[in-house]
Structures are given as C-alpha cells and as structure tokens.
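All chains are identified by letter, namely A, B, C and D, in their written order; residue positions are counted from 1 within each chain.
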Amino acid sequence: MTVSRTVELEGHIIDSGSMGACFGAVMDMGGEFEVEEFEVGRHKHEETYCRMRVLADTEEDLRAILHELNQQGAAVADPRDATLEAAPGDGIVPADFYSTTNHPTVVRVDGEWLEVEDVEMDCALVVEREGGETRVHTKVLNAIEEGDIVVTGETGIRVDPPERPRNGGGSFGFMQGGVSSERPSASLIEEIADEMREVNENDGTVLVVCGPAIVHSGGRDALAELVRTGYVDALSAGNGFAVHDLERDLYGTSLGVDTESLEHPRKGHKHHIYTISEIARLGGIEAAVHEGVVDGGVMYECVENDVPYVLAGSIRDDGPLPDTITDSIEAQDAIREQAQEADLVLMLSTLLHSVAVGNCLPSTTKTVCVDINPATVTQLLDRGSAQAIGMVTDIGTFIPMLADELLEP
Amino acid sequence: MTVSRTVELEGHIIDSGSMGACFGAVMDMGGEFEVEEFEVGRHKHEETYCRMRVLADTEEDLRAILHELNQQGAAVADPRDATLEAAPGDGIVPADFYSTTNHPTVVRVDGEWLEVEDVEMDCALVVEREGGETRVHTKVLNAIEEGDIVVTGETGIRVDPPERPRNGGGSFGFMQGGVSSERPSASLIEEIADEMREVNENDGTVLVVCGPAIVHSGGRDALAELVRTGYVDALSAGNGFAVHDLERDLYGTSLGVDTESLEHPRKGHKHHIYTISEIARLGGIEAAVHEGVVDGGVMYECVENDVPYVLAGSIRDDGPLPDTITDSIEAQDAIREQAQEADLVLMLSTLLHSVAVGNCLPSTTKTVCVDINPATVTQLLDRGSAQAIGMVTDIGTFIPMLADELLEP
Amino acid sequence: MTVSRTVELEGHIIDSGSMGACFGAVMDMGGEFEVEEFEVGRHKHEETYCRMRVLADTEEDLRAILHELNQQGAAVADPRDATLEAAPGDGIVPADFYSTTNHPTVVRVDGEWLEVEDVEMDCALVVEREGGETRVHTKVLNAIEEGDIVVTGETGIRVDPPERPRNGGGSFGFMQGGVSSERPSASLIEEIADEMREVNENDGTVLVVCGPAIVHSGGRDALAELVRTGYVDALSAGNGFAVHDLERDLYGTSLGVDTESLEHPRKGHKHHIYTISEIARLGGIEAAVHEGVVDGGVMYECVENDVPYVLAGSIRDDGPLPDTITDSIEAQDAIREQAQEADLVLMLSTLLHSVAVGNCLPSTTKTVCVDINPATVTQLLDRGSAQAIGMVTDIGTFIPMLADELLEP
Amino acid sequence: MTVSRTVELEGHIIDSGSMGACFGAVMDMGGEFEVEEFEVGRHKHEETYCRMRVLADTEEDLRAILHELNQQGAAVADPRDATLEAAPGDGIVPADFYSTTNHPTVVRVDGEWLEVEDVEMDCALVVEREGGETRVHTKVLNAIEEGDIVVTGETGIRVDPPERPRNGGGSFGFMQGGVSSERPSASLIEEIADEMREVNENDGTVLVVCGPAIVHSGGRDALAELVRTGYVDALSAGNGFAVHDLERDLYGTSLGVDTESLEHPRKGHKHHIYTISEIARLGGIEAAVHEGVVDGGVMYECVENDVPYVLAGSIRDDGPLPDTITDSIEAQDAIREQAQEADLVLMLSTLLHSVAVGNCLPSTTKTVCVDINPATVTQLLDRGSAQAIGMVTDIGTFIPMLADELLEP
C-alpha cells in the first residue's frame, strides 16, 4: 500500500448505506482504509461525519477506488479546484472527462462550490463563465461544441446521494443503488468449478438439488459423470426428476431409439408412465440397477457409487416410484439431514425442492442457484444464504460446461 | 417515547449493513435511538462496537423494534437468562415461543451463553439438560413433544448474522437480507393516488409514461379521464401507444363495432395500419381532433386539455404518425425537457420509454413503475431513483382502480 | 344469411391448418359455409381442392369474413381484376387500401396474375406500368408518393400461406399463425362472472384452486365474500394459503394491527409460524372457528358455509396445520374427488396445486387460469382442457373486480 | 412401406384440427397415408368422415403412428375387442397397458363399446364384470390391485377429443393440444449449425441480429470468430451492442484489465460513456479499426471482413456512436434491405431489433430466435415465419457451443 488519499463523508451515511458501501468498495477493490475521525449521529436527526485515509498499491488502483467513493458521496479532503479542459471538437469530449451520476452534485471552480444545474446521469459537466457569473451544467455528449469548458478527473467534485427519509416516506421505498450482476457465464462456471474442487479436496459435502429440466434440456449425462467422478456427494430431488432420468435410460436403449436425435418426440408422455410401472414392478431403483435393467444415468450412478439420494413426493407426481417419500413431513426430515451436512449446495432448476432444502440450511452454507427463470433465482437468493451465487442460464448448457471444467485435463 | 432499552452490536457491522439496517428499522417502526457509545473499526480487520438506547411509545412497539434489531445481531445489553417454558402438548409450543432465524445464535441459560445446535429457520429452541450438561437445539414445530423446554420471548438470545468476507470472497456475492415487498395491491394504489393528489394540489407536474398495453388491457378510458380531470400534466409515449389509442376511437365508433364486446377480434391488425393512414391523411392528431374525426380517448383529451405530449419513434413502428419524432436524438431532447420538469413520474407498462425517461431524471424525482413483468419493474427501480414504488400488476385493472380512488367522491 | 360469395382453396390445406382455420373463421364470425366441391389429397404429395360458398347476414359481415379467408389463402372464385386507386398525397394511401401479409401474394391486373415483389407485411401494394411491363410491389406507408397506383379492396388478390414441409423439416417447427389474445381485462372478468353465475343457477359446482398470493396481494376479503354468497362450492389449496389466510385474521384483529395499512411489514414472518402454532394448539381450523378464535376470512367462511376444502401438504410447508394432508397420494385422492365433480375450475395463482387438479380433470371441464406469470398460464392451458380462459393479471385486483361483477346489484 | 392399417375419423374433424394433426403426424413420423373415402361436412352442423390407410416401414413404426392417431380420435377400422390382461401385483400394471388421455373414451369389450368412467389422464383402464354388467373405469397406478383386469395395447379403444363449439363459445378459447417443445439444448444447437453450414455452402446469406447481452454474458469472442470465419454475412444491432463490444476491446487491452477475470466490475458504467467519446473522437468504428485503436471483437471483424452492419438508434441510447442511424425511418430502410436478402436469420437476445427485422421478413425466410426470456421467444415466433426454431437458453453459453459445432474439426 504505497499511495493514499484522505476522504470525508457527511450526512445520514450509516442508514443510507453510504458508509458501508464505502468500506465495502475499498475492500472489494483491494485497498485498505484507516478511519481518522468518526463522529456518529447520535439521534435520528444528527448527521454522522467520517474522515478516513484510503490506501492502495498503485495510483491507478487508488483512482479507481476514489471513483467509487465519489459515487457514494465521499469527497477528497483538502479539495482543490476541479480540472477543466476545452472540448477538442463538436460532439467530442476531453479523454478524461467526468461522467455524471444522477445525484445532486457540486463542483469547485475558482475556489467556490457551484451546484450543478440540470442533473442527469452519463453526461459531461460544462462550465460557463458569463458576465462575472460562473455556472456548471450537464450536457449530453452529442450536444458538446468545440471549445466547451469540460470538467475532467475527479478532484473538486462532490456528489450528494439521497438519504433515507427521516420520517418514513410512505410506500416510496428507499432505494440503495445495487451493483448489477451481469457477468460472463463461462467465467462464473469456472469459479463454481473451483469451489466444488476445493470442497472435494477437503472431504466436504456437495449437495445437488435437481429438477426435471436437467433431463429435458440435455444436462443429464454430464451430471451422471459428475456423480461417477465423486464431485457430487448427495442428491435431493423429486419423483419427476428420477422418472425422467430412468425413462431416458429405459427407452433410450431397450427400444433402440436414440434419445439425442430428436426423433419421435411425440411418444414421450407414454414412456413416462411406463417407466414408473416398470420400476414399480422391479421393486425400486436399486433393484432395477442390480437386475441390470437400468444401466446408466444419474440415478444409476448414485446407486453404483453409494451417493445417497432423497426423492420427495408432491401432489403433482405421476406414480410415484417406490423410492419416493410421499409424506411431506418424513421427506422434510430426510432433506433436513442432507442440508445440515452440506458444505456447498447446488440448486439446479427446481424451485419447490430448492426452497425445501433452503428452509433447512444455516445462513453460513454456501449456495449456488441456477435457473433459466430470473424470478426463481431471485427468490432463492433472498431466502437467506450469506454467500451465494445466482446464475440465470440454461441448465442444458450449464452442466456440460461445468463438467468440462472439472473433468478436462 | 416513554419506554426504552439499551442494545449492543459488535463486529463488522458497518460494511455488513447491520448498523444501517438497525438505524433504519428503528426509524421505520416509529422509534428513536440515542447512540451512547460508538467505537468504529479503524482498519478492515478491526471490529466496530455500538451501544445505543432505543425508545418507543409503547412496550409493544419497543418489543417489535427489538425483535427486528435481534435479527440484525443486536443484543440487549445487561442480559438476563432466556425465559423458558414447557411445551403444553405434542406439536404445540408455548404461545410466545422464540422463532429462529437461520443465523448462528447463542442463548443464555443459567448465566452461560450456549451455542444453538442444528441452526435452521422458523423452528423453536429446545433446552435439554442431561447429566449436568445443557444443550440448546432447534426443533421443527411438528416434532415438539409435550414437556419440551422451549425458549420464549427475546431476552437472553444473541443472533450473529454473517459478515462480508474480509478478503473478497470471489463470485459468492455477500447477501444482505432484503425486505420482501409483497404488499396488497389496493392499498398501494391508494398511496399512489394520495401522492398524485398532493402533487396536483401543489401545482406540481405528474408525467405519465405510457405503453400500448394500456389500450390492449382496457385501461384507456380511465387514463383519458385522469387526463381530462387534470391529474396528468404531461405524457410521454411511443408511436404504438398513440396509434392503438386512436384506433380504438376511430374503429370503435365509425364502424359500429363495440370494442368492449370482444367481438370480431380477428380484424384488429388491419385497423392499426388504417388508423395511421387516416391520421396521416388529416395531417396529424391535433388536426384529427379539430376536424371531429377523433372524439375520445387519451390523445383526444391531451389535445383538448392542453396536456403536452411527446411521441418518440422506434424502429419497430408502423407508419409512423406525423406527430412522432423519428430522430432519436431529437426525441431524447424532448423527453429530457419533460423529465427535468416532473415532480412525479408514473411509468406504465413500457420498458423502452421508461428507460429513456429514467435516463434523464435526477435521483430526487419520485417514480412509480407499474408492469406485469417483474423483470421490467426491477430493471426500472434499479436505475437510480432514490424514492420509488414498484408494482407488479395488470395495467388493465390498475388504472381503473387508480381513477376510482382519485375521482370517486 | 342474405349475401354470399364463392371461394376456392388449393394446396396442402388440411395439414397446414388453412382449411380448418377457414371453417373456424366463418363460424366464429357468425357466417355459414356450404362446401360445393371437395377433392381430398389422397397421398402426402397430392393437393386438396375445396370450393365453398360463404354466407353472411350483411355485406359488411361478408367482407370481414372474406378478409379472414384471404389471409388463409382462400381466393374468390371467378376472379376479377384488383381495384386500383391513385394515392391522394405523399405518405397518404386511399382509404380502402389493401394492407399486406408477409406471405407470397399474387395480384390480378389487366387479366393477369402478377407476383408481388419484396413481400413484407403491413405495406400497401403499388402497381407500376413501365414500357409495356407491369409490376406489383410493396411500399411502406411513409414512402408512398402522390399519384402512386395503389391496390384497394380484396378482389383480385390471392395469398399463398406456407405449407407444412412434406419431408419433416428438421427442427424448424411449422408455425401456424396463432390468434393473439390480448384482451381487455375488465371484459374478460365480466365473462368469467357470467359463467360462474350460470353454473350457480344450474346447481353446478365451482371449484376454486387458491395460492397464497391471493392473501399477499389483497384478494382475500373478496374471495371470502364469494364463498359466503355461494359462488364457490369447493376449495383446493395448500398449507401456505390457509396459514396466510388465518394469519391475517389472527394478527389483524387480536393484536390491533390494521393489516391494510402497510404498517410494520417487517413482523410478518414471525406471525406465520405463530399462527401455525396457535391453530395446532386449538386442534385445527374448524375448532378454531368454533371457539371463536378465527372469525373471518376464506377458511372461516368455508367452515361456516359448509364449503368442503382440501389442504394438500408439500415439502416446503412450515408446520403444517393439523388439517393439511401430508401424504401426497392421500392428497391426490382427495383432489381427484373434487376435480371429478367440478363443472368449472378457477385456478388462482398457484402452479403446483393447479397442475395437481388439472391432472385429474376430464378435457371437457371448463377451466379459468389466472396468474401474473404468463409462463404459468401457458403451462396450465397446455395441459388439456378443451375450453379454457387464460388471464395474465394481478390476483389482488382480479378477485375484487370479479366479486364486484357478481355481487353488485 | 411394408405394413399398413386402416383407420377412420368422424366428426367436425377439419375445424377441430384433428384431420390436419393426423396427416401431420403420419408425415412427421415417416409414414404415408392413402385416403380411401372422404365425405366432407358441407355445413357447419354436418360431420366429416374420413377413412384412410396408414403405411409404415416397420410394425413398430406403425404402432407409434397409430398411437398418435388414436390420441387425435382416429380409430382402427374393423375393430376387434380390446386386449385385456390381469395385473401381476399391487401397484403393478401389465407391461403394455394402455395409458389414458383426458378425453372421453370408449373401449370395446365382448363386442360392445363401453364408455370409460372417471376420465383422467395417465391412468390405466380397468374392466370390471359384476353380475352380468361390465364397466370400464380409470385407475391410477398406485391404486392397482393384483388381478385387476387391465386394458393393454391400442386395439378396441376409441378416443373422442373435443370439437370446436359450433356457436362461438364466448371467451373460452378452443384449445388444440400443442406438442410441448422441451428439447435437449445441445442437439438443437447441432441442427442450427447444420443449417448455417448449408446456407454457407450455397452462398446464401446469414443475418445475425444482436443484443447487448451477447457481450455481458460472454458470447462475444465466439461471435467474433463466426464473423471472421465467414458464417455471418450481415449483422443488425443497436448502438448499445456496438458500444459494449468496443468497450470490451478498448478497456480490456489498453488499461490492462482482464475482462474475463470479473475483477473491478464496478467501473463498467464509466467505460461505456468513455468508449462512445473515444470512437466519436476518432470519427467512427471504421476509422477506429484502421487507426489500430480497436483491434478485436465483433465490430472489428465486421470491418476487417467486409461484413456489412446496420446500427439502429433508439431513445434509450447513450451517445450515440457516429455510425448509428438515429432516424427510425432511415434505420428501417437499412434493416429492410438486410432482411429481404437474408436466407436465415438468427435473432440473438434482442426483442426490439428482432421485431424490427421480423417486420420486414417474408414468411418464407427461416428464423432462429434465442433468448433467455421465454416470452421474447414466443413473441418472436408468433410474428409470422413459417419455419422457425425458438430456443430459451443462455446466449453466453449458446454462442460458444454453436461456434464449437461449426469450427471444431
């Protein structure tokens, strides 16, 4: 930590979340902070004041951090005037121009703090001096004219993000700016693979919660391979998932239809109920595996590799299979045991079963929620894990790519 | 404020959001706080300590506040033992039993703080004394047996919510518990009506951003009435909204088809392009109103009541109408002017136009976002208003109910 | 039926759906048809030919029907030339101009059938005669120039909608044009009310399947009133719905909090588990009603008015209540009995329970599916009722408006 | 075609869609049909009768086809009694048991057609003979008892699917059973790759319509490679897509931040506006490529490989770039030209631009719609292409897997 700068925050910065966001930003971006002075607002109408030194490894890192703090309302202590530069052409701003937020902002010009007019985000700030008066206002990039005096850098600029209303505020919720989470799918999958590898190496337990879409969308073979290679230590699912998995096995080989060819797709609904009937006739999944009738797929690998599974019933089930626990209290007890032992839980394309597992998890267990429906991911993340990854993606491409990450040399 | 209690928090309570959440909870629930001691953690590895007195009007309010603070990790200072009571029957807990969170928790029994075993939310806490040893663990309600010693009330219980990892934490996002916002539709509509009434009484400006679904779903007549009665001061929309509104007028009366009867629904697509052609022939919306060809609907009321409107074009438009601004920079300039003047913005069932308006709004302008798609509401709320109501509802029932609220005697 | 016209269709019109769509359109629009000649294509490569007379009450009705048939590829037999008219100004088309589909089209000019160039939908057709050659091409409305020769009316125009590929076609699904179903919410609610009234008058059975969102979103009081007034004959729900309904009753009155005021929204999660505990203590819902502890709401009205209910358990339940059937096979049996007796089923904001009920319904039972999530409505409609209404709306505004329709004098 | 069977259909089988569905099923499943007799219903109350011979290559194929036809109401002519077999155990049905639909059904027992009682789908049919009376009713699998007489195979069974109501039917839409389209993602991607390869080999034109999510979700590099290798012949997008693509290039290499590492994700919003400013300063994308400032990504490959692109503006754009066409009529004209020339259109994660392109397409152009939002895919498929693939998947995994298919040796 070789470079530093001192910044100040003032206002209702604790309950507005600004103070926490500043501490978080410094840590997330690899910096350090030293609080030099801190006066807490002792009543709801008293403001809080904080002065802290921010440290970073390089000048560039420091600038990135200061940029974030600026958005949260922190201003550099001992301020200097904002730096100004003329626009080199129409519609062209200086390379380091200051891009605005939508919060009220003041800019220091000639030693004086000037309120920015026409607040709007993603604009440049233009300084106009006319008849002894100086004004600062926003201008969209396409309206910039050659010679406009444009604010650059971050010095001499103070942003004033809104604070939680002191007296309720009715139904108008106080919105803290969230960090949007659009992230590259492939990179996220790598990180999830790393996490699974780490749990695996520490003899921890990875619990996978599975929905039937895994089979429909073509993720079944990759999941079976993860079970076989030891990356899955326990499995929680419903009757439907197991039936679909077994159906692929039974009707993919016994009737000679290649299930990947998309041919004869109209016959599927009949196979579903036939599969249930067949497994019931044999006495259950384990028996069907041992008699050689079932010889591949996720449930097969669970039986062959002693990976314990819980199949919980629901009122929409066909059948069910003999293995399915139809009483919901008994099923919850079985799920509870799985949940309490897990170090990492992957919730894959099932809302009902993921909620059931989530209900039994301590907030300290890491969870990964994958679903194509963003509402499902949001609902699962809101349920209380402190460390969670949510990913809105196609389970039929997710599992193969995850298996590639884990199994490719 | 006649009753009070002192509570303590300790840990990385600023960047985890706990401190802010506690201040916020006290204020939201009508209480006051007095910070008695505050030691800020000066570095990222130093913890923060806060002791504050919480005040409320009644003992019941105070308990409700303390319950919230407890969930955030605040513990009552000068603690007493947890209160215990025997379960009166199988599956039956004492009336005031403590219902668990999913966070690590300690309970004070016989002067000692005991770690809760098998952390799980929405359970009871059962104390077991056996051979000189005392344990506290969770138990789901249906497993409670008569005579189980159950923890009641909130005293002697300390919750330890997770803290933001000190060293990044990779892709596992740190989740702060959000307050879920399922709220009764009718009550929210009342509050929005109140807000509109207040802006109206203060000669403020209500800007309504309109999508075509308003017309499809049957909200058009009520919106026209709100324009006519002065509750809408400016309107921002696309070509499609205006065409649908005019089509309803032209083909609802001139061809004798009752648009509410659902009859002949197959002919609609032809009327759309015919409407554009007819308005173009007359020279625009205002001309069509003045010539008496258009004599009802939202656009008609805007013309008749001098409510200014901006119609912005897009590449998916048919036509467009002569009134539509087809250049996106010109359209943005017109929208910018509307946005900067607005005191309250209602964004009704349009993502494109709402984002365009939102881009030009200062964070201090109140906004209401209504859409049947939760993703649209979330996206709009995330864009930066500090005070916002989001409502996932059917615009075809929302606007009539809003008009009823505002216009019924 | 006083006016008529003869039309012809040719091609693979049975498996492409054109023939069926033509018959359907005539009937839906109040007309009649008389098939004069019909040569079925006896092999997959043979085409079918149909000549039929279409009858309607008025010339206007007939034109509307012919317009629909034209879109499906039917052409008026004994054709005349297309009617042509010069455009009266730039960007202005003649009032009765022909608006194009996106299908290949031929137009009869001077006795000859000409292929339309640059096929595109929602355009005008412009005829150009140049050096002895005549061409017909599409032109978007804003490109029309004064004097352009534009096709009007529907005579002399033949549309050729695509046919199902004879040899599979791989994954490219054959798309039959669907009728989009955007319809005014208020009008649909009226029709549902009419249907309920009719079932009620014929001593039929209305089964309502209820999700917890009914309570969250404020539809509970209106539903309770519909139970009380006899419009609901049976109720199917999960543990969650009943608990939320009872919680509103218990904590809305006994603790003095007005549940409609949006105050203290943070305490809800605790009341949920307290409600379960309290009803368990009393021995069940019926006992709680009889002891006067529960004195309002949906479950209360069911008990008081002898409306039978089935509460089916699931693995995500808290509790559950003593009334909840926790075994999924037993629960299915109870649901099956309800389903087989129903004449009209309203599925309100629950996927799990609606699927369970739908699994047991004959295809002849009328169903209404209401949900704010379009995917839920689609999934339920796809499950096999022959007569169904799907409505994407807010249950919190839907039920109050439905109750208004049924109960207002 | 070595095996055949004659089937009959009767009723309003044209407008109900049954006749077309039967013809379609035979062709989709590789069979042939020969219509032996066809009596069309000449008025809306007259029924249609069809007798046809169905041919297939193998007995197994024929049975699969007959199974489909049976679901549509076709019955084998010259019927024999249903085959019956005793259940071998409790909850166990004979291997070839008939699994029911939810339509009214009759079964031929002892030469008599008996109506099935308690119609419900996915059940077995059980025959009971008692005191000279014979009944057939449904039974769920788990209720089957040893010795129950169960119907097997498909002979002697006639299904009666519902017909379109003759007199409207009000708002209750007539539902034709749709074939659900859950298909394995990887297999579909293979077929799309085959289609692209074929267009490529025939010197056809593949037009790709691109949304910004391609860049966010990590599909950019693979798309750039497809442009470079000649699989993309034209590109249509908005200002946002181009800016995101360029931003990745500019700030991924010039500032030394590895864009795939997920580090410093908070700075993105500033780079966006900086990118616009930088490209504007250089005079546009082509200039930026030629000056070597932009040296990778989708837009770079378009410039380097002479792949023409259209960037259409919208009111939500920042900037825009100098290359963006801001007037929507001009932009539509440019899009129209692209659309008319395309042989295959890939619509990737953008609703606005896909609708704009779709508006200009003839119904004969093949289209592929990919989006993570099912509503977007549905809306695009409904707009009128006759041959279309819709795929609900993650664009960030879709494009890499598509590129692998096309480019891997």
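Remarks
Here is the rule we use: contacts are C-beta pairs under 8 Å (C-beta built on N, C-alpha and C of every residue); 3 or more make two chains touch, one makes a residue touch a chain.
None of the values given here were measured: they were computed from a predicted structure.
Copies chain A and chain D of the same chain sequence form an interface built mainly from equivalent positions, shared numbers / all numbers used being over half.
Counted by C-beta pairs in contact, the busier of B-D and A-B is A-B. Note on chain placement: the centre of chain B and the centre of chain D lie 35 Å apart, centres being C-alpha means.
Separating the CA-averaged centres of chain A and chain D is a span of 29 Å. Each chain gets a centre from the mean of its Cα atoms; for chain A and chain B, those two points are 20 Å apart. Each of the following residues of chain A touches two or more other chains: 28, 122, 142, 171, 183, 188, 191, 262, 318, 320, 329, 332, 359, 375. Listing the residues of chain D that touch chain B in their complex gives 171, 262, 312-318, 320, 326-329, 331-332, 335, 352-353, 355-356, 359, 373, 375.
Only residues 14-17, 19-20, 23-24, 26-28, 32-35, 38, 40-44, 50, 101-104, 118-122, 140, 142, 161-162, 164-175, 177-178, 180-181, 183, 188, 191-192, 194-195, 329, 332, 336, 339-340, 359-364, 366, 374-375, 378, 381-382, 384-390 of chain C touch chain D when the two sit together in their complex. Of all residues in chain D, only 25, 28-29, 64, 67-68, 88-89, 91-93, 95, 97, 99, 122, 141-142, 179, 182-188, 191, 213, 216-218, 260-262, 264-267, 269-270, 272-274, 276-278, 280-281, 318-320, 322, 372, 392-394, 396-398, 400-401 touch chain A in the complex they form.
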